[in-house]
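The following pair of complexes shares a single chain, chain A, combined with chain B in the former and chain C in the latter.
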Partner chain A sequence: MASVNKTSSAGTETVVPKMTLAKRMDRIQMHLRREWQLYVMLAPTIIWFVVFLYKPMYGLQIAFKDYSIFRGVADSPWVGFEHFANLFSNDQFIRAVKNTISISALNLLFGFPAPIILALMFNEVLNKTYRKTSQTIVYLPHFISSVIIAGIVVTAFSPTAGIVNTVLGWFGIDSIYFLTRPEWFRPIFIGTGIWQEAGFGSIVFLAAIAGVSPSLYESAVVDGASRWQMIWKITIPCIMPTILIMLIIRIGNIMEVSFELIILLYQPATYSTADVVNTFIYRQGLQSGQYDMAAAAGLFNAVVAFVLVMTANTLSRRFSRTSLW
Partner chain B sequence: MMKSNLYSRGDKIFALAVSVLIGMFTVATLYPFIYIAAVSFSSGFAATAGKVVLTPIDATIEAYKYVLLDPQFWVSYRNTFIYTIGGTVMSLLFIIPGAYALSRPQLYGRRTWNLFIAFTMWFNAGLIPFFLNMRDLGLLDSMFGIILAFAVNAFNIILLRNFFEAIPQSFEEAARMDGANDFQVLWKVFVPLSKPAIATITLFCIVSRWNGFFWAMVLLQSEEKIPLQVFLRHTIATLSDDQEFTATLMDAAYSAETVTAAIIVCSIIPVLIVYPFIQKYFEKGILLGGVKE
Partner chain C sequence: MSGVFLEGIVKRYGAVEVVHGIDLEIQPQEFVVLVGPSGCGKSTTLRMIAGLEEISDGTLRIGERVMNRVAPKDRDVAMVFQNYALYPHLNVAENMAFGLRIRKTPKAEIATTIEETARILGLTEYLERRPADLSGGQRQRVAMGRAIVRHPDVFLFDEPLSNLDAKLRTQMRAEIKRLHKRLGVTSVYVTHDQVEAMTLADRIVVMADGRIEQIGTPMELFNNPANVFVASFIGSPPMNQFEATLEDSDAGPIAHANGTLIQLHGQEALRGSAGRDVIIGIRPEHVMLNAEPGTASIPIELDLIETLGSEALLHTHVGRETFVAKVETHGEIGHLHGVNALHVKPERVKVFDKETGQAIGQVA
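Right, the complex of A and B next:
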């Protein structure tokens, strides 16, 4: 981006401090007369961002207020950090924070390696048609909505009708009502996530593998290396930068558990392992109308996420010298 | 990929084992869809008793009759098309000119504008302020509100901006020589040259609109405005709780499971029809978005 900038706009910027105000206004006027179309094109987007994303940031002040619908955001009285104090003595909120971190950690442990392993395996498949067909199929669940995914999960894990219990029945195991059992929520949620996203996630790693120089493999063959050795000695080290960047992005997004799917799959019986910060906010705010407290929980979430993402970006800059943004 | 004659015997066994594993994962990916399709064509009794494994048991189309005769299904289906087409067109109307302006070096305060947009990827006000803002704007229970409020996102703008920035200056200069203004340069030079990137963004928009559910559920109250995903959610929720429905279950040829499965099949079909045509775009698109700035 920087290099494109220099040619035409650098001139105006360096001269600015020496100009008088009048001269400067003149320049801006001339510039606008010539380039007004650019600003016409930009304006709708900027206005959209102000109205739909920045105005809510102004509304975030209700996290520090006793918000009343009738008084509105600006006129509600300030209460300082009261909502935050309440949140941190609220067992449900503490549980939601812990669940968010646990579910993300499990997702990292099982969900992160899955697409890498899949990409490495795709790379070893010799038959092109077989490989393409398989790829086409495993990418598909990414494009299916979470409501449908949840519908499939609910049907498959149903105590009487579901295929999972039917199969367990073949082995003489009694039917389990999986979706009401707290200990089963996370395996089902994370398994569903892998089923849905591992295939699509492998695209990035396959691209990285495609970028590995063939000469490395050729010389390995001369040395008599097996494919298994080549995976460990060539492919994985070569795609390590990609793996690291993707890992950093994942860590940056720890607070973003896909709560849509949780809302569709959890129920009061499984809140103890399933309720995350965003589902807590959804229930407290949108369902129970405690907007100010829920906004405070959201602000907490957003600040932690912001710090994580910024740290992740700094780290990835160090690793790859290309920032994520 | 190398020629197979470079492979030792051990390597061939290894390649075979990998192919088998890949095959298993592929089947595991595909199976839930086959299972749901089988349930949707089974009798309510067989489905509820857990007899369906791979193929329909006591094959019937009663569940589809139940779904397709429900006028609400068609209303929701129509709405999903409105949200998908309207939303995607709206997105492109914002994103294409916006990305073009942000990609021009002569734009005043270009770095600031870009930061202004990128910042929203890092910090988000959250569900509650967004919801209250929609209420204050009078966009609750509004189809236009759904189309407008989710039209733009920073990622898509930056993706297209990067693509525009990579277009050589000479193309633009040639058009300028012919007296083209910015609108003409964008429409006649940049848009045709950026077809892959625009196709990718269109695809992202279509997919997220077709699948969009959470905000439609939160913001829309009227039944005649809800999209298919919310209808599906309502149906699953009511069917499993509905005493009357379960009471009639024994003699009905459909059940909560078969009806749910039938709606799922009906809402996946358009995705399956379009899917083969879009594959090349999303493979490219995810890589376009990979390294930004």
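Right, the complex of A and C next:
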């Protein structure tokens, strides 16, 4: 039997038997025979990933080709990094990258803590009926289609009949056409995102809070901690692993700014602050037919997201012993 | 140090009353153990003392002060929880310092107190570790350390050893006893384990169904159980109990159980109770293999011998009833196989009224 030598901390060498290929195959077969039901249940997810996420990767090569829909992916000529060079010399793309980063950073700053704060607040509400009612109310916007959400926003901020301008009017402030003003796009977009998702996002933090042992709070009560101190010194530290996991996932999606809502809310007048990489890809790829350039922009987006999620995961593992993998 | 005084303490959850008017006086520096089966109200009583549960009725005093409406933090009590309640994100030193920091104790004083307490509990080398990196026993010591550093008037322990294995439990029991001796803080300890109660307590409070069944020193409870519940709860193996009818004889009262006559010489209080239905209780430890002058003899059928090393448990039958005897082996059990009668001193035989379950007759 093959073996490997290992040196223990004491410095002595121990011989660890190495499993032969046949034995390993035997073990895998035995495992599959025993657990085949689990693999059958897993299959649809794997198939979905393969068909919709891995197979399309074949098409990524058009980012390096002068793609023509008549020649197809395989027969289009290679152009190397030409599309990437063009992208980085394209002011619109650079602006889209900057906007994506700005919107994502603001979203992370305001949108990420919102569900945590909401969950902490729900946890402090003692009246069950009040808590359940308010939870239902804040969960609801998540289930409304982005088109309707955008419709509500457009109506609310309308310069003629919108509630916002009506209220401003009560204070003698002239109507503002918010959705055509670049400086207002980001606050409106981020505010809408928080309104739509903070409630639903709080569920995962509420579940984490529910997992905190009640005896920790009881012990703190006996020690003399106030409710505020318990939130800061017990609840938040105890749900920190969940917060970090959610943060890593969020950072991984940093380049995926809510595409639908931006498409629905932005207009040429607000491109300077609203146009993001995804909307740029949409305009270049679908509207202008530059699929190769759009593929290059998409690939760039994916690579950045990959690097970000890897970095966040590594940092989290190093500093807080919590990581996705 | 302050005493803890409960006067007619009642706990209700809605319409359901779970603790029915408890009266208990715990003297300063005393170690009192509340013991009883699950759901008997012992933890609820402890939590009412801590202020974690509201008192529905009655008066709780710690020292001279009525505590019914006083916040837990102002009761000057420290509590050790069953699952230790250690903060997972804090290391041992920070866990122990938590209560002191909340109370804004000066940093230098915190450091000194932590150092001293860690030394007492043997935790000095673990101060930087987090709870996840400690063994069960170490965690338990940290939980106690967190209570000790507060220098409270009263310690409250809620089944603190029930998550430990048997060996560690024995070890920690001794440590708690030693600590109490050293610190002399009034302590109220809740457990369902009667061995823990017997070994730790100055006085034991046996509870059942939200009521106190008996209060006494461990030996009082062992020797003179007030009723059949206490008799069966305290002691391991539990007291043997079987139904009998009292009869009078010239030599004194006799219990007649399934054709077996048990002399109750000396239990004069039972004289004149002929015909009364009773429950006879005999502790397995009070049974002897050899007759002595005046002992009552009980014919038995030997069923099984359980060897414990220095002792053995004889599982026998007295008539239809199971009867367990705990006898010394002196290193061998061969002589036990031929046993066909056991002996007990009449004053060791406990008699309980069949109807009420309360002890009657002489108290040894």
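Heads up, the rule we're going with is that the second predicted complex is superposed on the first by the 254 of 325 C-alpha atoms of A that agree within 3 Å, B and C clash if a C-alpha of one lies under 4 Å from a C-alpha of the other, contacts with A are read in each partner's own complex, and residues count from 1 in each chain.
Simple rule for what comes next: a contact is a pair of C-beta atoms (placed from the backbone, for glycine too) under 8 Å apart; a residue touches a chain by one contact, two chains touch by 3 or more.
These figures come from a predicted structure and were not determined experimentally.
Trainee: Looking only at contacts as defined up top, I'd like to know whether chain B or chain C touches more of chain A.
Mentor: Answer, by number of touched residues of chain A: B.
Trainee: Return first, second, both or neither, reflecting whether A:L216 touches chain B, chain C, both chains, or no partner chain.
Mentor: So A:L216 only meets chain C here.
Trainee: Figure out whether A:I234 sits in contact with chain B (first) or chain C (second), or with both, or with neither.
Mentor: Second partner only.
Trainee: Is A:L299 touching anything from chain B or chain C once the two structures are fitted on A? First, second, both or neither.
Mentor: first
Trainee: Check whether A:A22 is in contact with chain B, with chain C, with both or with neither, and answer first, second, both or neither.
Mentor: Neither partner.
Trainee: Residues on chain A in contact with chain B in one complex and with chain C in the other?
Mentor: Comparing the two interfaces on chain A, one with chain B and one with chain C, the shared residues are 218, 221.
Trainee: Residue numbers of chain A touching chain B in their complex, please.
Mentor: 1, 4-5, 7-9, 28, 31, 35, 37-39, 41-42, 44-46, 48-49, 51-57, 59-60, 62, 72-73, 118, 121-127, 130-131, 133-134, 136-141, 143-148, 150-152, 154-156, 158, 160-163, 165-166, 169, 195, 198-200, 203-204, 207, 214, 217-218, 221, 226-228, 260, 263-264, 278, 281-282, 285-286, 291, 294-295, 298-299, 301-302, 305-306, 309-310, 322-325
Trainee: Please name which positions on chain A make contact with chain C in the complex.
Mentor: For chain A paired with chain C, touching residues are 213, 215-216, 218-225, 229, 233-234, 237-238, 240.
Trainee: Quick one: in the complex, what on chain B touches chain A?
Mentor: Checking each residue of chain B against chain A gives 1-2, 4, 6-8, 10-11, 14-15, 18-19, 21-23, 25-26, 28-30, 32-33, 35-36, 39, 47-53, 93-95, 97-98, 100-102, 104-108, 110-111, 113-114, 116-118, 120-133, 136-137, 148-149, 151-152, 157-158, 165, 181-183, 186, 207, 210-214, 218, 229-230, 232-233, 236, 240, 255, 257, 260-261, 263-264, 267-268, 271, 275-276, 279, 282-283, 286-287, 290-293.
Trainee: Give the list of chain C residues in touch with chain A in this complex.
Mentor: That would be residues 50-52, 72-74, 77-79, 81-83, 85, 87-90, 98-99, 102-103, 146, 150 of chain C.
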